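One structure follows; several queries about it will come next.
Labels run A, B, C and D following the written order; every chain starts at residue 1.
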Amino acid sequence: MAKYILQRLISVIPTLIGVTLVIFLFQRLIPGDPAVAMLGEHATEENVARIREQFGLNRPAFLDRDALVEGDLPGFFDSQYVRYFNRLLQFDLGDSIHRRIPVAETLKERFPATLELALLSMFFALLIGIPVGIASASRRNSWLDGTTMIGSLLGVSIPIFWLGIMEIMLFSVFLKWLPSGSRLSPGVSITPITNLLLLDSLLTGNFAGFWDAFKHIIMPAVALATIPTAIITRMTRSSMLDVLQEDYIRTAAAKGLSERVVLYRHALKNAFLPVITIIGIQVGTLLAGAVLTETIFSWPGIGKWVYDSILGRDYPIVQGVTLLIAVIFLFVNLLVDISYALLDPRISYD
Amino acid sequence: MSTQMPEVEVLTDFAVREHRSLWLDAWRRLKASRTAMLGLVVVAVFLLSAVGAHFFWNYNAKTDLDYSSKLLPPNLVSTAEKPGVHIFGTDKLGRDIFTRVVHGGWNSLRVGLVAVSISLIIGCLLGLFAGFFESFDMNLKEKLVLMCGLGLVLGLFPAWIARQWYQTLLFGGLGAASVILEKKLAYVKLRPVMFAAAGALLGGLSGLLLAPLVGLVCAVVGLLIGLLLNKPVNGKAFSSITMRVMDILLSFPSYLLAIAIVAFLGPGLEKGMIAIGVVGIPVYARLARSAVLSVSQKEYVLASQSVGEGHGRILFKHVLPNILSPIIVQATMGLASAILSAAALGFLGLGAIPPEPEWGAMLGDSYKFLSSGAWWAVLFPGLAIVFSVLGFNLLGDGLRDALDPKMRIN
Amino acid sequence: MKRKTVFTVFGLLIVFSMLLAACAKTGTEAPAAPATEVPAAPATEEPAAPATEEPAAPTKDTFIFGRGADSVQLDPSIVTDGESFRVTGQVLDSLYKFDQGTTNPVPALAECTANEDATVWSCKLLEGVKFHDGTDFNADAVIFNFERWRFTTHPNHYASQVFEYYEAMWGGFDDASIITEVKKVDDYNLQFVLSSPMAPFLANLAMDMFAISSPTAIQKAGEAYGTPAGGCVGTGPYKFVSWQEGTEITLVSNEDYWGEKPKVKNVIVRVIPDDSARFLALRAGDIDALEQAVVEDLATAEADPNLQILTRPGLNTSYLAFNFKIKEFQDVRVREAVAHAIDIEGLISNFFGKYGTVAKNLLPVGMLGYNDSIDYWEYNPELSKSLLADAGFPNGLSEVTIAEDVQDADGNVVYTAGQVIPLRLYYMPVTRFYFPSAKEVGEGIAANLTAAGFNVELYLEGDWPTYLGSRRNGLLMGLYLLGWGGDNGDPDNFTGYFFGSGTEPIKREGWYQNAELAAILQEAVTLPDPAERAKLYSQAEQIMHDEVMRIWLGHNNTPLILSAKVQGYTPQPVGAENFEYVFFSN
Amino acid sequence: MEPLMRISELHTRFHTQDGTVNAVNGISYAMQPGEVLGVVGESGCGKSVHALSILRLIQIPPGEIDAREIWFGGRDLLKLNDGDIRKVRGREIAMVFQDPMSSLNPVYTVGFQISEALMLHKNMNKQQARERALELLNLVGIPEARKRLDNYPHQFSGGMRQRAMIAMALSCEPKLLIADEPTTALDVTIQAQIIELVVRLQQELGMAVMWITHDLGIVAEMAENINVMYAGFIIERGKAHEIYHQTRHPYTLGLLGSLPRIDEAPGTKLISIPGLPPDLIGLPQGCPFFARCAFREERCRLERPVLEEAGSTGHTVACWRWQEIDAETLRKAVGGAQ
């Protein structure tokens, strides 16, 4: 097993390198100059030149051919990408061009915000998706099943940004129950431990803080959760249905086991495998959805941040965040495969 | 066998259940499923209104402007104090939202179709070949094409360094050589060395014409390429490379990738289509590949291969028809998600160029008036998206049940 | 599926839409009768956690300001964005400051007098002032700051930092600097020696970027000075406490402030990017004041007795520019036709709201050299059509020809002479303080022009950086929208900045070339006598108007919406508002 | 004496999109304690479905079971509530299914799956159940049983799995063991072993066994009584030797004919039954076998024959022309011999 994990971890590396290459390719292709983006209407030639120099934006993206012709070998390799890569090897994501402070620092602040949102959404998704999926599979073609199916289809059909807006319209504008954005009300502070506000507030026993944080996170979390919930429900249902066709379910029933035991002991464990894969994929969906959700709920997470950074051409941020997301994505996939081995005795990676 | 009474033959027939083709059967099931029919109806309404509006309802967005009637709430009957019928209300520039929603449908439709066909065609081809060559080894011709191509692609690198584009041809040739000589050199221990040397020479010499250092670098690069090319790539390698590339695409959050592509191509609905299409490729590629892999093990394919049918024939006569149904389902659902993504891009201001009506953009422009209670400007475009997408999803879902062989058993 | 499920679908959908429709219905009334619902606010709709509400005694002691974006940096000398100055303005003082609500500089940390030709300014510094970190404020501190900004060799003039405004306002770094020396006379007296006479000297001194930071703080924090970690240290009415990135910056009052003691103890400057979200926060009582709101929200705010609206005199101008590489636009009649085709009045009243004023000068109303004798463009599509006809386009203009080759930054030709392209109107992908709802403005203008026979195609060059980049290289090949916000009250910062170098075509300004105008502007900046400067600048305005070289659209008086409880808040035309005068009534 | 089980008028239907499938059409018979009953018929003749119906393992909907009664151990199984029928399953009536490959849950150890029933019905604790499972594995002759307890099904061979299934079925000493084609999925040598195993166990434990198969040959050796089913009907029932030697139904004849017999004179041809069984949706009104019958006459098309005594007691057959029928005539009819 350990060996397998190691192999997988190693095999991830080329993919990651590929990812960084793609990022740089885009950085090379996308028009618009970070310096100009930063200085706006006031940009003067000198300043633009200085900033380009400073962040090595004046270097070629990958390799410097001209240096080679002039017989300057180190110059040949002295490119934006190589510099970036060297920094990366020292676990340095570089500095933000606009803010001139380390990307890693801001990441520490902002990533937990997204993580908290994603985790909560995934929690909702599993909490609702799996039981409902099982229920509607076991009561196939009942009204419950029908509602579930339609509901889940509706779930994947609603644009989450629109849902977010509708939530705000209903709960913030008209009912005035919930705040329409950001993580905390002004002045409320929660002593950071993990920067996951809900968790921290509980750890520090700051229940007022917890309630405030909760009221802020609930709407975005729900908006973000819709698609995963829908998909997990559908997946659970269909794979339960497949499993319930199996002979060993009949065997179990013939033993005189109660329906509950048959469903949850004999069917679920088998049905869970494809569901896990889907859950893995949903992590990707969540992170993608964060871009929109965070924009609407002005949530100070990485989704909104990376979007703004693309528009602001703050490349170190874009690189850092995209890489992080890619790493998470690949890591989750690894977890999925491992849990396969744990759940299904037929699969073994030794 | 024993001889049998003739009339028995005749008589037995009525006992036998009449035979139905898969597609007919599927259609019957589709008709049987009410939800699928509901989906079909919604989709039909969507298509008709979109196409009808585009061709028969003349609307010039360019000149549509009337400050006097801006942000009017829905008004069904024209009265003295409320003149003008706006069943969905009007927007910031006093444009009738209903008109724009209906015409917006055309854009969503276009995006959906174009985007899906892009990812469908490219993705499926990739998946087909990947899956196919994973289960059947390539013949000489295919190897030749593949290796030549590989040589050309790899050759681009030294060529780019030395700005000598003819180098790509050289390495393409090297690739071809490795296929042609494969048999001859099969047992030659030194083959890698030979090819490395060849590559080094090809790159180095031509590089030297420019500058010594260029020569050196090109030689090194050429050497590596030579090593890579020394043995023809087999189908499995080809497949795993393709799929690895797909993984890379997949490990970007879809919207970010789309945003990046649009930022590169420049804004506009057409660019949006391409972006969404490209982002969708991996899905189809994976689907097609896995489908092909399962089908390739089927007897009829093995049989057709054993009677020596050409690969192309096997692929398109035997494999392709049998992986169609999952792909059709995916495509229908793909339409839905394409419309969604397009709306998202529009919402972020990267979609259609104003004043072109597009649902996502309409949302994005109007939601800043929400706090002042202009709910209609946000509600109706949103509902339009939901209904059209829901329609395609219902239909796709129905299709899945209808085409799924598992369902045909009980 | 069974029949019931189908009903369930419709059930769901119907319920869903009814729900929305229902809440929507109340929505239409919401702006109409807010008075009824808002008074109840503190009781019912207070989302802020009890934690904060405990100290909510009769007089609040925390002033919370909501804004659209976070500060970039808190070292004012290296940033250009107002959001940074909004904070540093409270923590740091400059030698001069702009008098409450005006653009005339008045003494702050120093009082200066010029010699007759305005080349030597001798300043008397306030005595006994200390920085928040206890460092004494004296001549050395001032000199340290000025030398840090000026000398690229200065140990604290970090390569990673761009002292843009020093360069822009004082002619450049090192020897290029107009300030050739800052002489220390004694601890509280010093002299600025200028290489050439400079009329806006005091105005420049008063700018937020030239606020004095504590030398020890800078030396201690090094490059981190001004970052969330480093914070900033000055002599101002408030001290920097903390900076939660992307969320809020907290300040606390400086008890031994040299000037009028701040009335409110704490100041929180909070980021709420979305306009409507920010307005909602204000109505919910989460924040006490905000800047930048959409016109519709302003209407709501006016109707709301719990809110008050203040306007900051707009020191900005938004405009529609021509690219003069287009042959057709080189004909003044075409340009005038465009001017008459646009319903500027309608644009401004609809998209700027009543806080915008129609512009007829580049200079904002009331600024030195503002030329009131110029007439507004009359909105007259017919006239515009006929002008277009005279210019040789009787049946409108939908395609234009490039006059001569245009190259991009890398020197490759993007547009070739004689190339025919569709007539484009480039609109801004973002809203700026001088351009609320820029996209709608674009659509509006496009509609006007199309109606008048200019068959324009709205064109999105890309996102903001792309747009700016193309504009810098004169590649916005058609009509394009942009604007400008002044940094100090001086006309040179407007007209001079734009056309001062117009002896040859200015790429950045759509290849506009006008030597005469350039000469006037270059002269105007050196004259010490305001009256003479005024004459020259209004002459310049006249030229620009007669040339129709650009179509000035509007000045946006930035509206600030505050809770009715907030008192003593005075909007500043330039620079940061002074929070120290703010207090709460109840 | 009081029979172990008495089934009367059992109908099982499935309501599908294509129509109602009449899988079992009113069959009635009784089983004595310790009796071995063979149920024979082609695939799709309803023999498995009727067995599942007894335990009410048919999913409802789409399935539907109705019968005058399914009398077992002093009560009507159809009247039991879900809780009570579960007490019957596995404890009083156990079942062994056709495909041992798919009938064991891949994600649980064989040991666990056996002890599960024990813990449920015999409320043993884990340890006891495990010990009992071990005995059972030994009983059904699985080598190194102790080690095998903790194996997963995929580590078992097909035959061993079927043995495990049987062990599982026997775990609660049921009064009736229903073996639903337990050997069809196995190769011949294993088949023999399994049959021999079941026979042995039946004698040791004295339980009744219902052996469902399409292969008359198998039940020939072991069964006392045989039900021959066709299209959801019992078309002939009787003692094994009667079914063999005084075959009355053309279909049974066909079945016999289609398997080679050692006691036949060499050179005699195999008889095959032409055509396919009828579509269970919309059965023909007459004899279900009409379409394929070599003896059919007009009456057969119109009226459906009912079971009637054919000579000796307990041998019943559903055919209008049973008197005229025997192997020879059939052979002539289909021109088998010359």
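One rule holds for everything that comes next: a contact is a pair of C-beta atoms (placed from the backbone, for glycine too) under 8 Å apart; a residue touches a chain by one contact, two chains touch by 3 or more.
Source: prediction; values computed, not measured.
Chemist: Pick out whichever of the two, B-C or A-C, is joined by more C-beta pairs in contact.
Modeler: Between the chain pairs A-C and B-C, A-C carries more contacts.
Chemist: What is the chain whose Cα centre is as far as it gets from that of chain B?
Modeler: Comparing chain centres, D lies farthest from chain B.
Chemist: How many angstrom lie between the centres of chain B and chain D, each centre taken as the mean Cα position?
Modeler: Once rounded, the distance between the two centres reads 52 Å.
Chemist: Return the distance between the CA-based centres of chain A and chain C, expressed in whole Å.
Modeler: Roughly 36 Å separates the two chain centres.
Chemist: I'd like to verify one number: the distance from the centre of chain C to the centre of chain D, where each centre is the average of its C-alpha atoms, in whole angstrom.
Modeler: The computed centroid separation for chain C versus chain D comes out at 89 Å.
Chemist: Roughly how far is chain B from chain C, centre to centre by C-alpha average, rounded to an integer in Å?
Modeler: Taking the average C-alpha coordinate of chain B and of chain C, the gap between them is 45 Å.
Chemist: Give me the residues of chain B that touch two or more other chains.
Modeler: In chain B, residues 35, 263, 367, 370-371, 373, 375, 379, 410 touch at least two other chains, as defined above.
Chemist: By the touch rule stated above, which residues of chain C touch at least two different other chains?
Modeler: 1, 5-6, 9, 20, 23-24, 27, 30, 274, 276-277, 280, 462-463, 466
Chemist: Provide the list of chain D residues touching at least two other chains, using ranges where the numbers run on.
Modeler: Within chain D, no residue contacts more than one other chain.
Chemist: Where on chain C is chain B touching in the complex?
Modeler: 1, 3, 5-6, 9, 17, 20-21, 23-24, 27-31, 274-277, 279-280, 294, 296-297, 299-300, 346, 349-350, 427, 429, 437, 439-440, 442-444, 446-448, 450-451, 455, 458-463, 466
Chemist: Which positions of chain B touch chain C when the two form their complex?
Modeler: 33-35, 38, 62-65, 67, 70-71, 73, 92-93, 263, 266-268, 349-350, 353-355, 365, 367-376, 379, 383
Chemist: Which of the residues in chain B come into contact with chain A in the complex?
Modeler: 35, 160-163, 210-214, 217, 244-245, 247-248, 250-256, 259-261, 263-264, 336-337, 340, 343-344, 347-348, 360, 363, 367, 370-371, 373, 375, 378-379, 382, 385-386, 389-390, 393-394, 397, 406, 410
Chemist: Which part of chain D faces chain A closely enough to touch in the complex?
Modeler: 52, 55, 57, 61, 82, 86-91, 94-95, 97-99, 102-108, 116-117, 120-121, 152, 154, 165, 168
Chemist: List the residues on chain A that touch chain C in their complex, please.
Modeler: Residues of chain A touching chain C: 31-34, 36-37, 39-44, 46-47, 50-51, 54, 95, 98-101, 105-106, 109-110, 141-143, 145-147, 149-151, 154, 166, 168-170, 172-188, 206, 208-209, 211-212, 215, 296-298, 300, 304-305, 310-313.
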